[in-house]
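The structure follows.
Chains here go by letter, A, B, C, D and E, matching the order in which they are written, and residues are numbered from 1 within each.
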């Protein structure tokens, strides 16, 4: 078990966006988090990554409690994320974007940089190589020097994943990675997710594309109005009447 | 105790003027996210235009004090508003799509131009409004003599704030202004004529600044070409203190700044008065990072 | 070929009106010299440079002037601004005659080519303290504006008054350039002084007088020479200005020397207004002593000129009274007079 | 393309080295002024250009450095240039203390607070705080610097000293720009949340940028004090800070060459307008507006960074 | 012909992204534009709305050429767009956003009815009426963007990826709504990544590839076209 949420709660004013949610994520699996719009999924992610502080409850990552810890510290510990609305550094090249991810695995400071110590030089070389590896991994090596803002939407999503991977995470959190991708691109994304899982990563993702969710996830957690309403394998969830009512709806056709 | 209240009214009088200038600042900022450093100089221009109109047209004699003054205020506001629109078209419009700080530099340039243009046109010497245009009436409030004009300035600020607030928050055009402030492209898609909206804002904001300039001229009598810099800075401080972009915030910030200055001068040190005011500002911002009334919209991640 | 004389002054920035009037005065006087046959057979040329009232720009202006073949320079306004340029002129061996730089230390450095037509703060402080004593005040408020001139004057006066057991019940600095001094006046009033000595400049003095009378407080005010400006009355209004005392070098209109009379008339004719600023007139005196030195020595050699000004120039009839310099370059002799503003806004020389 | 740029740089260096041969003292002094402001601009560039923080109070740090030098050199007789690191340190520590509580402020709120900072410092200097700043008179009699036994007081000597410092600054800052530290600042300028999410401790980096910028500005303070031999509060007003700000933005925020060009424009241009007398500043202000309109990103905006990625390709093809 | 796009060219800076495309839309139709990421779909819609400058060709609405008409005037012709990326006014409340949707309308009764209808479609918006829309969840913002476009009573409705980020249940609602308003006489131009659903709904479709129209046909024909299938529907897996 790599991540354990227990009784996680977050309120915005009078609104309880996340209401005593608990679930575990097993090591080296793909876990899906689904639910209607505004159910609180992204908020749960923001709590895990330290962007919000939980009002109640606990988040334990690899045996360590991380509720309310600074985001950058959490990244250091091994959780990386992508954002629901893409947040790349638009005016920087794809490679520089990925170098951002390398940042937390480097040490040298301003003085080292000004003096160009051997350690610093070494480290810069390592970062470049590491970043290129990630670009290669997601298939963007030939776009390394393009401005990230000029990449197509699907490629921007991939680039965000590469940046997250560059932090050497244990747990990768993806918020609607297939949003704006067509079916073909989604297929490729599923392949990528498998590749990541097989390389030892654990993936936690939010997605509304049921094709992807059913194919890629080992387990699913369903939330509605901030509360967890179901948890299980994709097959179980697909058959859960409550989930059908609240989220999936009845397919008239097919 | 009596001295305390006396100082309080001193502070309110100064604060009322800060507030009036801050309203214009906040208005422009609210739409363009532009710190219009030339706003203080539009205030100066208002003071000078007021003097010119006053001495060349002898409005008071022909129309009486009330209507003469009203007409004067309207003319100054109109003219300064037009200058504001012109300023926007020349110095800011080409920079709409560029980094925000580029427009700040353009605004600083405009400030230099205005200040020196006033100096070249009117000369570097101090100019003086004719004395006793307004009847010097002193009212007794709880046994304390308060000149009527101070009350009028405060009332004018409060009235303008109210009107502006209603306009921005409650009318359709006001909503359109706020929408254009946030996303001009999307505002266009709603059918909002963004250029018109911005023009309107650059008419109102500077007009308020001009009105404040006129009031300072009428009240204190002495004006010069550099006066806008200090007042502009103070008003900017006031706007930030209240939460920039927020109309009641500008009012609260202005009044508060005036009072802090007066009380700081009275009970701590006159020479350190501005430092005290800035210190209080910093303290307030440490605890309320978006000012007293500024909205704290958490960025949705 | 001309004799070039530099003028360094604030042509832009907050003190621009001073610098611009200095230029008017020098232009007028130079014209006069040129019409009357010039100087040692050449015409005089005024080269003006803007120092914007800022030490760094002043040092650039001084460097620029010192590369322009000038014989001497007049200016500038403001002690710390002047100080930023002293070394530059000294190293270039250019005579500098400052007009509005009253800080004591400027002449304590032993610079050979530095002179000033304005008296020093200690001199004015002495006269100020004497005037206050003569007026019979026992409790005095002193207000300055934290410029080095006003602070210097205030400090001098304070020390002298305290020595004479006159109590200083209020001693503070205002921020120049503001409009509303009610808070300060309210505070000052509560210290109940017999009289107020304001050592700052006329714009603030005018506002103080005006706001003081609006408060219904009629304490007598005394000002230093920086309040000597007709705009003072315009700003304060005749009623509020009435009874205001100030110390200053005599105004040209109050001197019955032919030079002063001619100057006032010429200035009025050329610029359609009388000269306003006493410092501008003092810059005129700076120019005139330079001209006198060149004429008398028939030379533009800085050492000869400096020597002449230090030793040979005695009781030169200036636009602000008689001028002589001591070996430090300070103007010597009783310069200060006391003026009072009358009900018509006129500056009346007190006996 | 790249070569052309280096030719321009080389010509510029040659120009500076030979300037005393054909420029008179005045123009050398103008160059000195430009040089000082170039370093100040570069130090501010770390905060504004890379870090994207709205900082208009840089003169405060400059002042702290200059006064540290002035006070210690006049009262303890320490040679001026030795005081450079100490002045930098004082300014840096001051920045650390004052910036810490305000570093979380955003955009315009930070702007006014930094303006407040420079005003507070100026008012403190004018009021002769702790009785050591000399009030409005400032501090005079600061000794001339000596370097390797030579006393520096002539304009051309200062030219080499100041532009030498510019060169050192460029050398260090160029390395900084292309390092983890420099990149981190750019990330947080572009998108603070994404930077934080990539593991950048944004608050610490913002603070570090402030301290480093202040340290450098403090060192320039030493040069300024040594050059003027007298310093007074007028030289450290809010308007001064505005000048540095304009240098950075107008030249091209985030670009070293741009900032140096900015110093030439903002400080040099008014000198070219001297002949216009009273119209001098009017023209300057108008020039600011027009340059900004025609180059809305600054005259020389930063170029995209190039990394040597050829190693990662085989035979021209990406691996 | 209601809307006619002839030989349309659009540039961003120096880069041309539309190289002369032709698209026709008849009154009462649903037309869908398909294409890979970056093909220029959004650009086409923005060009129609007047939000990007046209560098060549023309856009005709009824008999009027719209090339130079400013965006806000195009809205007054009742051509409305729900743009890509939602672009709701974050500092305004949900209700204010919706009312701005009807900015050009002068019929208050009509506006009120539309508001009720939108709230009925998206009950979540009604719940959040007074919340600042910047704090809405991604999907809620998407609902708001669509609702806002519906408020204006359009003649032509341009929808750019309306289903993006919406839960399956709501995606269905959206598509049903499109069908419904189309029946009531509104012409719809639809850009969708969900090509299958879009083609099922639409009458005709265009396929865009790097700034050129490569295919145009009726929706059924496109659904059964093998190229389209390979590229957008099934993929190789």
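Just so it is clear, a residue touches a chain if its C-beta (ideal position, glycine included) is under 8 Å from a C-beta of that chain, and two chains touch if they have at least 3 such contacts.
Small disclaimer: the values here were computed from a predicted structure and weren't measured.
A.B. asks: Could you name all chains that are in contact with chain B and with chain D at the same time?
C.D. replies: A, C
A.B. asks: Farthest chain from chain B, comparing Cα centres?
C.D. replies: Of all chains, A has its centre farthest from that of chain B.
A.B. asks: Is the number of contacting C-beta pairs greater for A-B or for B-C?
C.D. replies: When the contacts at A-B and B-C are counted, B-C has more.
A.B. asks: Please work out the Cα centroid separation of chain B and chain E, and write it as a whole number of Å.
C.D. replies: Chain B and chain E have C-alpha centres separated by 43 Å.
A.B. asks: I'd like to verify one number: the distance from the centre of chain D to the centre of chain E, where each centre is the average of its C-alpha atoms, in whole angstrom.
C.D. replies: Centres of chain D and chain E (C-alpha means) sit 50 Å apart.
A.B. asks: For chain A and chain C, let me know how many angstrom lie between their CA-based centres, rounded off.
C.D. replies: Roughly 73 Å, centre to centre.
A.B. asks: Just the number, please: Cα centre separation of chain A and chain E in whole Å.
C.D. replies: Chain A and chain E have C-alpha centres separated by 29 Å.
A.B. asks: Multi-chain contacts in chain C: which residues touch at least two other chains?
C.D. replies: Those would be 12-13, 16, 20, 146, 173.
A.B. asks: Touching two or more other chains, which residues of chain D qualify?
C.D. replies: As it turns out, chain D has residues touching two or more other chains at 126-127, 193, 278, 281.
A.B. asks: Residues of chain B touching 2+ other chains?
C.D. replies: Correct list: 116, 119, 271, 274, 299, 301.
A.B. asks: Sort out which chains touch which and give me every pair.
C.D. replies: Between chains, contact exists in these pairs: A-B, A-D, A-E, B-C, B-D, B-E, C-D.
A.B. asks: Using the touch definition up top, name the residues of chain E that touch chain A in the complex.
C.D. replies: Within the complex, chain E contacts chain A at residues 36-38, 85, 124, 135-140, 142-143, 161, 164-172, 193, 195-196, 231-237.
A.B. asks: If you look only at chain D, which of its residues touch chain B in the complex?
C.D. replies: 48, 54, 101-102, 104-109, 111-113, 115-117, 119-120, 123-124, 126-127, 193, 238, 242, 245-246, 249-250, 253, 278-279, 281-282, 284-289, 292-293, 296-298
A.B. asks: Which stretch or stretches of chain B touch chain E in the complex?
C.D. replies: Listed in rising order, the residues are 172, 175-176, 178-179, 181-183, 185-194, 295, 297-300.
A.B. asks: Okay, in this complex, where on chain A does chain D touch?
C.D. replies: The contact residues of chain A facing chain D are 49, 51, 70-73, 75-76, 80-81, 83, 87-93, 95-96, 99-101, 103-106, 108-110, 112-114, 116, 120, 123-124, 127-129, 132, 136, 141-142, 144-145, 147, 163-164, 166-167.
A.B. asks: Which stretch or stretches of chain B touch chain D in the complex?
C.D. replies: 29, 35, 90-91, 94-95, 97-106, 108-117, 119-120, 233, 236-237, 240, 244, 271-272, 274-275, 278-279, 281-282, 285-286, 289-291, 299, 301
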